[in-house]
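Before I ask anything, let me first share the structure, which is written out below as structure tokens.
Chain IDs A, B, C and D follow the sequence of writing; residue 1 opens each chain.
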Amino acid sequence: MKLYEYLGKELFDRYGIAVPAGRVIENAGQAAEAAAELGEVVIKSQVLTGKRGKAGGIAFASSPDEAKKEAERIFKMELGGFTADKLLVEKKVQIEQEIYLAITVDGTAQRPVVLVSLDGGMDVEDVPEERMIRWPVDVTVGMQGFMVREICRKLGVKGSLQKEFLKLLPKLYKLFREMDAELAEINPLALTPDGLVAADAKVTIDDDALYRHPQLPRIKEKTALELRAEELDLAYVELDGDIAVMANGAGITMATLDMVQHYGGSPANFLDFGGGADVEKTSQALELLLGTNPRVLLINIFGGITRCDVVAEAFARVRESKGINLPVSFRLVGTNEAEGRVILEKVGIKSFTSMDEAVSHAVDLLGA
Amino acid sequence: MSIYINDKTRVLVQGITGNQGSFHTGQMLAYGTKIIGGVSPGKGGQSVEGVPVYDTVFEAVDKEPADASILFIPAPFARDAALEALAAGIKILVLIPEHIPLQDAIDIMAHARQNDAVVVGPNTFGLVTSGACKIGIMPNQYFVPGPVGVVSRSGTLCYEIVGHLTESGVGTTTVVGLGGDRVVGLHFVDVLKEFEKDPETKAIVLVGEIGGSAEEEAAAFIKSSMTKPVIAYLAGKSAPPGKRMGHAGAIIERGRGTFESKVEALTAAKVKVADLPTNVPDLVKEVIGGK
Amino acid sequence: MKLYEYLGKELFDRYGIAVPAGRVIENAGQAAEAAAELGEVVIKSQVLTGKRGKAGGIAFASSPDEAKKEAERIFKMELGGFTADKLLVEKKVQIEQEIYLAITVDGTAQRPVVLVSLDGGMDVEDVPEERMIRWPVDVTVGMQGFMVREICRKLGVKGSLQKEFLKLLPKLYKLFREMDAELAEINPLALTPDGLVAADAKVTIDDDALYRHPQLPRIKEKTALELRAEELDLAYVELDGDIAVMANGAGITMATLDMVQHYGGSPANFLDFGGGADVEKTSQALELLLGTNPRVLLINIFGGITRCDVVAEAFARVRESKGINLPVSFRLVGTNEAEGRVILEKVGIKSFTSMDEAVSHAVDLLGA
Amino acid sequence: MSIYINDKTRVLVQGITGNQGSFHTGQMLAYGTKIIGGVSPGKGGQSVEGVPVYDTVFEAVDKEPADASILFIPAPFARDAALEALAAGIKILVLIPEHIPLQDAIDIMAHARQNDAVVVGPNTFGLVTSGACKIGIMPNQYFVPGPVGVVSRSGTLCYEIVGHLTESGVGTTTVVGLGGDRVVGLHFVDVLKEFEKDPETKAIVLVGEIGGSAEEEAAAFIKSSMTKPVIAYLAGKSAPPGKRMGHAGAIIERGRGTFESKVEALTAAKVKVADLPTNVPDLVKEVIGGK
């Protein structure tokens, strides 16, 4: 779960990481009040899209009037498909140097990894690889002073800036571990006359660990379908094609989409309804898919934990209760395959045993 | 003869009294796996499918030494159970559960490294040495002995491909599921190293997907150090960037982990990459026929 | 540094470990007030000696009057050479079972070790070895649930008591590590109808880590000499003989005492003034020793980091400024030995090179 | 030839620019120790006694690989410096400082175990292989080559005894100071194991003291596994119980760690225990003469 900048900064503050003085506002009038209090300010749209700045979602203002006008403008903007409910109004900081600092996970090393570059402020993709210091942290040792000193040496950082890093890095690491972050990024980390200040905050919390953080708000910047899929605990991604795809298992679902494309079709979505779902859950997944009004429905089941009869039963039930008025291509093999096939035949669906045949049939149905 | 596990491997089942645990204990026993005990705190003294149940892993291994343990433990408790197995000296850990918090997985891997233990998963179907020992949840009937080693990031897709192999008369030595999470114990390189050393494995099928850099690392290793032929299939050619495709690890982020990058790296390492899962058996037959 | 029971219980409370409701009092009147509030109470002298209970430093009272009387009595008592400034008045808890629980350090394993026995309440020395469960904790793993479950299995503990242990042990371990404890002991740990309650608290903080805990009060239950030695950062122990001993190094100082005894003498103290002390510090150590009015002074120097000339110089200085009016036996070898010997000769002291000779001479001086 | 260290051992000095660090760097160089670098954060680029100074251990070992490191670091910073040395791959750590917090020492030992590193100390004079390599603060002149291995919990007392040996013409192979703290890296048993394997060591002198159980464990090991003669001297015969005698570890607590218990255990293991430090050389000559 990605956190809005202001929530990330609240976490920073709680862990003792300096952030600019600021206010979260919900209407343009508050922007003027905040500017009156803070002086020269920066106003930032609280949306999750990464390209906020380039799209005009960030503005500077040197008077309450200007702040109000900019806030009005930003409140109306759509960024990444969403308009902001909140803006962050912050005192403009005096930046001497922009630094990139992040902690994320290095899957190969199976460790948290600290990333630091003195080329901050730009998109991280644009930082030259050789200018980025990477330090994987052994969690049984934790973030120690010596690691920070070695990172600083590699960066060529000494003196008071090194001292700032010695204070800051253990705090960010503590936040990363305790808050179950996948990413804790500060870009830019601003060197100001008062020391290092986090001028931005990009914190992503591990969805699988959210239950440990009941105090965090649940961010709902998603489409209605995505929210519904989340409720049903389905792995669902909207795509822009016309063949709805449902399969069991992430890899085989991806492979099904690839095959649809291979045969000249275009998938409408990714839907992995997982292993071992019961009739109820499978029905709900089907209903969600049908609600997207696809032109063809492709179901690809290789039953392991998933039982073919359960999927067929769910299909028959939804067909009866809601009606399924579009062409269907069904592939069914594995656990309780025969029972499943019988159920499908009763509702007039002939199923395939080959994935290739089912997918090419689905593409053919589109042309029909 | 095989990698990691064989017909001598003594297996413990953690979480044996749950639905999944008891069902798959039955399935593994049916496959021929030597299960020496199960663990369920507070259920010590019971038995499941004839397997004795203990309160703790220490109690279990005190009665009967175990080489491996498979965990059917709800994600929030998996870390504790995994650390218990490691502390009790288990050297192969198979973590079935999905949704284990990332930081917990990091902890498990750190302690496994300290204990020189191998972790398979989390979010894996496990591993199986065909005809000898299954420690996982894959359907029994597809895994018959033969000359091909298989290593995969995903479950059902792996069954699909092993199914095609089996249908076309090609069996497997060991099939290893790495798991779909961002942090997993084994990577392609680890398993390829073992297959390279295993005399019975004549060719390897690698089932990868977008996200991360495990396939690229595999390609580098194959190029530098492998003599045996490797065939690959990669899922996610049509996946858009920035979207998590079911697996926590299957995401193209910041231009990394793309399908193209992986195909390019593997092709450069002389790995044949199949267009469709169906094409894998023919490519395998080409290379093992030529041996 | 040993903590008074009430300070240990304050720590327990801070770490979420249940303690009986209670008040720290400084006069007998407050005991009556506390009893009026708490009902049946136990009144406990806040001194550091282990045998408080047997010596009468603990009393029960069922009325404010009785509490006042008992408090008056206990305030007057001398326990282990000290009278208490404070008493702890606690609500009497209903004890179903007494348990022994401690975390200390296992030097052989180089790890914290958890000790648990269901035979609580008695002196730990009296608990049969086979009834005591010991679990060394790998600090890189920390105290995990599985460890507690295994300890409970070995104790034969199940159900709700196991659940209590699962909550309690990680808290005590956290306290032990974070507070730099050498010992965190609860004896008895009382099983009450409300769960486990720490009926006593014995917490010792590592002196070398006190600087990390400025909030802890410094306990001064020591003799004036011991306090002065602590100020001077000297390793000093009072003994009951008449030959004052000063040497450099803990092992050689012990060996010197042993040799004094071997030759039929009796040492007045242990004083290791450490390695590399300067003239000032050495003089202060000497002055401290002379203040104890010993009958003979024995100085045993094997100079390594310690320089013989520095010790001789300090001796000469103290002799001049304060006077040294007792027989002295001086042994001096090692770094700058010749220079030291010259300085001593100037003040009329002949020094030995052999430790045996110096010690036997000291014992002879006693008889003289 | 010797244990732990020899004339090939490459040594780093952490805290080289401090008073103690620079003084003892000179002394160690004078003894013949191969010092390849020093570390003092912020002082990189300087040199001490001709030894180059680096900012971090990583930088130092990057320039010149090191086998061992000796720490002259104030106690509050010793943990960080020790963990740095371990992370940088140093396998022998000599911790000179006293007053290192107990929990810090526990942490250092835990990570040393993970890294298969040997820790000498804390609160030790170090170790010396006579005539070849000194990593410590002991006076140079007493340590001359010979057939006796020495292992001691205390410093000056050890010099006293080695001094007596040297005076009577008996030199030493390696002399190891275990350190006086409650938690130290090496115990008697570890060092005895090495001496037993070292062909040049003909007899061992063990200098113990009250407190802890290291002497009792040594006795059990000697009884079960040693062929070479061991002579012991123990300090603290006259020490009262419950009082810390200078060393954090030198205390008789709850009836454990008494002089009598140690003498009894050692005597049962056929170790001759000297009454006085002065008597050690005669006992040693008896056993090496008889060889």
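Criterion: contacts are C-beta pairs under 8 Å (C-beta built on N, C-alpha and C of every residue); 3 or more make two chains touch, one makes a residue touch a chain.
Note that this is a predicted model, so its numbers are computed, not measured.
Colleague: For the interfaces C-D and A-D, which has the higher count of C-beta pairs in contact?
Modeller: C-D
Colleague: Return the chain whose centre of C-alpha atoms lies at maximal distance from the corresponding centre of chain B.
Modeller: Comparing chain centres, C lies farthest from chain B.
Colleague: For chain A versus chain B, what separation do you get between their C-alpha means, in angstrom?
Modeller: Distance between chain centres: 27 Å.
Colleague: Taking each chain's centre as its mean C-alpha position, how far apart are chain A and chain D in Å?
Modeller: 55
Colleague: What parts of chain C, by residue number, touch at least two of the other chains?
Modeller: Residues 138, 140-141 of chain C each touch two or more of the other chains.
Colleague: Spell out, as numbers or ranges, the residues of chain D touching 2 or more other chains.
Modeller: 111, 114
Colleague: Name, in rising order, each residue of chain C that touches chain D in their complex.
Modeller: 105, 107-108, 110-112, 124-125, 138-140, 177, 180, 182, 206, 208-209, 211-212, 235, 237, 239, 247-255, 257-262, 267, 270, 272, 275-276, 302-306, 333-335, 354-356
Colleague: What does chain B use to touch chain A in their complex?
Modeller: 20, 75-76, 99-107, 109-111, 113-114, 125, 137-139, 152-160, 163, 180, 182-185, 187, 207, 209-210, 212-214, 217, 233, 235-240, 243-250, 254-255, 275-278
Colleague: Which residues of chain B touch chain C in their complex?
Modeller: So the residues of chain B touching chain C come out as 41-42, 44, 55-59, 77, 80-81, 83-84, 87, 111, 114.
Colleague: Can you list the residues on chain C that touch chain B in the complex?
Modeller: Counting only chain C, the residues touching chain B are 138, 140-141, 144-147, 149-150, 153, 158.
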